[in-house]
Amino acid sequence: MEVLQVIDDLVCTRRVPGLGAVSLRVLQSEQGVVSVASDPVGAPVGKWVLVATGTAARLAMPDPLTMTDLAICGIVDHWEPAP
Amino acid sequence: MEVLQVIDDLVCTRRVPGLGAVSLRVLQSEQGVVSVASDPVGAPVGKWVLVATGTAARLAMPDPLTMTDLAICGIVDHWEPAP
Amino acid sequence: MEVLQVIDDLVCTRRVPGLGAVSLRVLQSEQGVVSVASDPVGAPVGKWVLVATGTAARLAMPDPLTMTDLAICGIVDHWEPAP
Amino acid sequence: MEVLQVIDDLVCTRRVPGLGAVSLRVLQSEQGVVSVASDPVGAPVGKWVLVATGTAARLAMPDPLTMTDLAICGIVDHWEPAP
Amino acid sequence: MEVLQVIDDLVCTRRVPGLGAVSLRVLQSEQGVVSVASDPVGAPVGKWVLVATGTAARLAMPDPLTMTDLAICGIVDHWEPAP
């Protein structure tokens, strides 16, 4: 798992059925790498969140058949980015 | 998941049966990394698309046994590449 | 698998149900890359641990449906970081 | 998926039973990264091939229990390496 | 799959039950990246071996529920590291 920061929402109107209506968040690592995660917890922009990949990501969603490979699975209480 | 740009179609006449007749797109990341995805949505060249890897990619296809490890799962409404 | 060093605990009060109450450790590679693992063995800060990813990570947990993609699966007896 | 070039065969006489007698090819990316794939299509040296990873690689093989994590799944009709 | 060189054994006395008593080898890539693999073939230090990741790694083990994400699946007859 990794700790990433929520920087935006992703609007993706045209999507495959397997993605359902799940919320999508744009995340950024401390090194500036950008990725997109499904969000079952409602994490606001600015928060540092814990994310999981692959099958673990699907186990984080209310419906484990949701077509995701990266999901937010928690909001970190306190995170100090490396200086 | 990641947001990548469609830059071309891939023609691959000789292929294994598991790949069926699915459309293949050449994608490029903002950093210039090139990959190939199966495309169940018909994404045109130039569009920024959301892609998923691994088992999630197969869940994006009409037939989940399609032999893919990267699939387009949505067309992003608006994407601003990092400057 | 990889050998990483435990550098901290991760406090994540708000989490998805699939993560249960498992202990989370912040790990660092010799190159300084930071990640987060579930810890079924109780590895103390400072120790070098063996970690596994993906489905293997879940097989390391007492409950294999734990939503993790990185788990500590052993404490290395002796590890000499590269000079 | 990715497009890689076949540069050699790999001879591996002593192997685990799960690998059977499948043909193995040494592949190289445009950036020079070397990997090894199982080859169900008989791709000759010099060709640019489409490869898939993980479970998708096994779905490309005649026997989906073949112990592979990278398989050639097609021969690309035409590929122009980036200049 | 990849070709890596065995450089050491890994002693890991305290381990999760899923790892059983399998032999662990420290491997190094030509670029110097270090990883740890389960070894069902008994590969001696110095040999170049073929390794597989993920579910394929488990299919290489006598017991496919072994908690590994990297397994040696063959000993390469001859390997010439890039100059």
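As written, the chains take the letters A, B, C, D and E, and residue 1 is the first residue of each chain.
Following the convention adopted for this analysis, a contact is a pair of C-beta atoms (placed from the backbone, for glycine too) under 8 Å apart; a residue touches a chain by one contact, two chains touch by 3 or more.
Values in this document were obtained by computation on a predicted structure and should not be read as measured data.
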{"item": "Contact-graph distance - origin chain C, target chain D", "value": "2"}
{"item": "Centroid spacing, where centroids are CA-atom means, of chain A and chain E in whole angstrom", "value": "32"}
{"item": "Length of the line joining the C-alpha centres of chain C and chain E, rounded to whole Å", "value": "20"}
{"item": "Sequence positions of chain D contacting 2 or more other chains", "value": "54-55, 57"}
{"item": "Chain order, ring traversed from chain A with chain C following", "value": "A, C, E, D, B"}
{"item": "Partner chain D, residues of chain B touching it in the complex", "value": "10-16, 18-19, 24, 34-38, 54-55, 57-58, 65, 67-70"}
{"item": "Chain D - residues contacting chain B, complex", "value": "1-3, 30, 40-41, 50, 52-57, 59-60, 71, 73-78, 82"}
